[in-house]
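Order of writing sets the labels: A, B and C. Residues in every chain begin at 1.
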Amino acid sequence: MIARGTPILQIDSLSKSFRGLVALNAISFEVYDGEILGLIGPNGAGKSVLVNVISGFYGANSGTIRYRGRDVTGFPSHELSRLGIARTYQNIRLFRRMTVLENVLVASKRHAAKPFSSAFTVTRQADIAAAMAQLERMRLADKADRPAGSLAYGEARRLEIARALAGEPSILFLDEPAAGMNERETEELSADIRLCRAAVDVIVIIEHDMELLRDLSDRLLVIASGSKIAEGPPKAVLADPAVIEAYLGADDDDD
Amino acid sequence: MVQGDAGVIQDYVMFTGVNILLAWSVYIILLSGSLSFGNGAFMAIGAYLSGVLTVKFAVPLLIAVLVAGILTGFFGVLVGFPALRTRGVYLILVTVGIAASVRTAIEAIDYVGGVRGFGGLAGANPWQIAVLVAIVGGVLWMVSRSPLQRILDAVREDEQVARALGINVVQVKLVSFGTGAALAAIAGGFYGHYMMFLRPDEFDIMLSVYIVFYVILGGTNNLWGPALGAAFLTLAPEFIRGLDTWRPTVYGLLIVLLLLIRPEGLLTFRLVTARAAHLRRATRDSDMPARNRSPEAKR
Amino acid sequence: MLAEQIVNGIILGSLYALIAQGYTLVFGVLDKLNFAHSEIFMLGGFITVASVALGAPVWVALIVVFGISGLLGLIVELVSFRKFRGRDAQITAALSSFAVGLVIIDLVQKYCGTEPIGLTLPAALRVFSIEIFGMRIALVKLTILGISLLLTLGLQLLVAKTAIGRNIRATAESPSAAALLGINVKRTIQQTFFVASALAGVAGLTLVLRTGYASTDIGFSFGLKALAIMAIGGMGDLRGTFLGGLLVGVAEALAFTTGLGELGDTVVWLFMIVVLLVRPAGLFGAKWSREMRA
């Protein structure tokens, strides 16, 4: 395995259980500057739990998270966000009653960090221009004034990504961005993600469908039943018998 | 008769103004996502605290009211802590509990007259209230056009996502609670010094409930709703014969009807188009090079 | 005498518990609070007075109160609860039912005046008392205790053993799952409201028997206290609520003996706030509340 650049994120023996049910079992891995890392695994493997722990929604039971060398285990979500960790959600969580533009504007770190100091100001042109730029990259500029709740599914996904990027994060976690998409939409999504690559240091894509990640990711990490079972370049990982077993085994049980 | 008329108008201005401020105090807390049934209690504390300062310590009225407001604001922050961990009806129960407790607590304190009441307050006039309404209204209006408004909207609509965007939700909610409490207290301070006499049974749970009614019936979309609701519901009983005696039934039925007609988005409100209008104007006017616009953009 | 106070406390507590269980029933099934509940309780008292004044014996009054209160509950369900689902439904339903409660109070006051109305008890209940364990207990008090306990028992049996009860429990657990199982959820909710409100009305009857008069204020004070009891004992948990009611009743009675009576309400409220913060499921566990199942 060739390391690209420095490790931005170091996960060490991370564990999380819910009322006795083990969701994450001493997972360890690193994420390197400049890469697109794919995180795959069958349904229920613990991928979303992992994202939720790393982004501060849940506290880990044990293990550490280091971000740029700094121990951030147990930090609350808003602090992690301010440090540069951003994410999207499996079941798109936009602010539906705000406009598309406002969804992006509200992600501005400057205001989020000091909400009350902007109380008597009016939104600046520069901020609007920056937000519009984010929207343009995601081909949503013409819908800027529409309520976010009125967007079609694919557009809503793109808005979530635009919103996450508006905070100028260092790491972007995309939680099952291809969920519910057909082949054409998935290809569009793949192109959009490549577009965003320059805007962040790292992209981590959590997916349960391997097609998106096969060509897009530099490395793959496979999780099953809360444990890491494989790690490496996509072709090697996807050919790994343990990985195939995990998917086949899982597919036998459900769906 | 002229004297009487002037007195009556003064009363109208005073009570309407106080109720507008109280409605806004609930609105401010509502902005961060909590419906507080405790603002009558904050009003009571403000009235009594400022009264103690002016009557027992000869503090000038404006300073007394300000200090009472700040102190009650801190108390409001304390009350806000349960609001962080409770939602919906649990929060209602907590704020109702506090409102109910405050009244019995005041009745038990002899220093401020207990059940018999507390007198000697003086010096407030309706014009102070009018100025205050203008100031608070101005502040709310400015906030509504600022980035802070968006942050409040985000916190209200989806707390978790707001956090993930870097917003310290706890801080926002606590400041919101404290500010609302302080405003209610200041309104209470002026009210007390106008009425000149305070009795605990004026500050029962129904007071908090009516304030919430003003806000709901007036509309929660923006700062005007609560103000109009408060103004209308304060003055209407004066002019519509019979309304005063039938107030509970009429208001009650209005609430039931209104909620049936508009049950969704009662609290998660905000007319998107109206509020974002100023932003729309801004995007239209901003000069972005034509080539940056996406091909499908329509002018 | 301490024992007597404790008995009084139990009688009072069983009354609180009866009211609180009505709240609990609805909360368990819908995750919402019915703020009209306490006014139905209050109205029950007035219906009792009216019935007795018209010459009906107590058991007839009981049936009348039961029926009218139940029907009123159905109306409240239709107006304040049926339409509200979704995010803020809890608050909307609470507000709406509260408004209905206000209307009830106002109408009763307009019709009967704001002063309490006295009840002339049938001679038998007024005069007789019996001796148990060295204490003289008025027959009236025993009747009250009897009715409360009987109803509580009946409620527990209804919920635990009957088909209706099974439907209620299933709906409380998960309305969508219940619907999939073929349960008529709408009908079950209506039945829940009927039972809860009928109990509230009968609780009003028992109170009037005990105090000798009906007043429009009691809905509020008893209602608030019953809410506190439900929160303390366990929101959505019938048994917890019952125990909570007894606890508060006895505590209140003891507090009166030590002279701390008036602060009792405040203490109960503060205790409730603490419990809600520390252990939202209530002291005695949560069997039904969906909030707890995150």
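The rule is short, and it goes like this: contacts are C-beta pairs under 8 Å (C-beta built on N, C-alpha and C of every residue); 3 or more make two chains touch, one makes a residue touch a chain.
Keep in mind that this is a model prediction, so the values were computed, not measured.
When the partners of chain B are compared with those of chain C, no chain appears in both lists. On a Cα centroid basis, the chain most remote from chain A in this structure is C. Chain B has its Cα centroid nearest to the centroid of all protein Cα atoms in the structure. Centre to centre, using the average C-alpha position, chain B and chain C are separated by 33 Å.
For the pair chain A and chain B, the distance between mean C-alpha positions equals 39 Å.
With centres set at the average Cα position, the gap from chain A to chain C is 50 Å. Counting only residues that touch two or more partner chains, chain B has 265, 268.
Under the contact definition stated at the top, not a single residue of chain C touches 2 or more other chains. Across the complex, chain B meets chain A through its residues 139, 142-143, 145-148, 150-151, 153-154, 157-158, 160-161, 163-169, 171-172, 175, 265, 268-270, 272-273, 276, 278-280, 282-283, 286, 288, 292-294, 296-298. Residue ranges of chain C in contact with chain B, taken from their complex: 32-33, 79-80, 83-84, 86-92, 94-96, 98-103, 105-107, 110, 220, 224, 227-228, 231, 262-263, 265-266, 269-270, 272-273, 276-277, 280, 291. For chain B in complex with chain C, the residues that touch the partner chain are 35, 82, 85-86, 88-90, 92-94, 96-98, 100-101, 104-105, 107-108, 205, 209, 212-213, 216, 246, 248-249, 251-253, 255-256, 259-260, 263-268. Chain A contributes residues 55-57, 76-78, 81-82, 86-87, 89, 93, 95-99, 101-102, 105-109, 111-113, 115-116, 118-123, 125, 127-129, 132-133, 136, 139, 141-142, 144-145, 147, 163, 167 to its touches with chain B in the complex.
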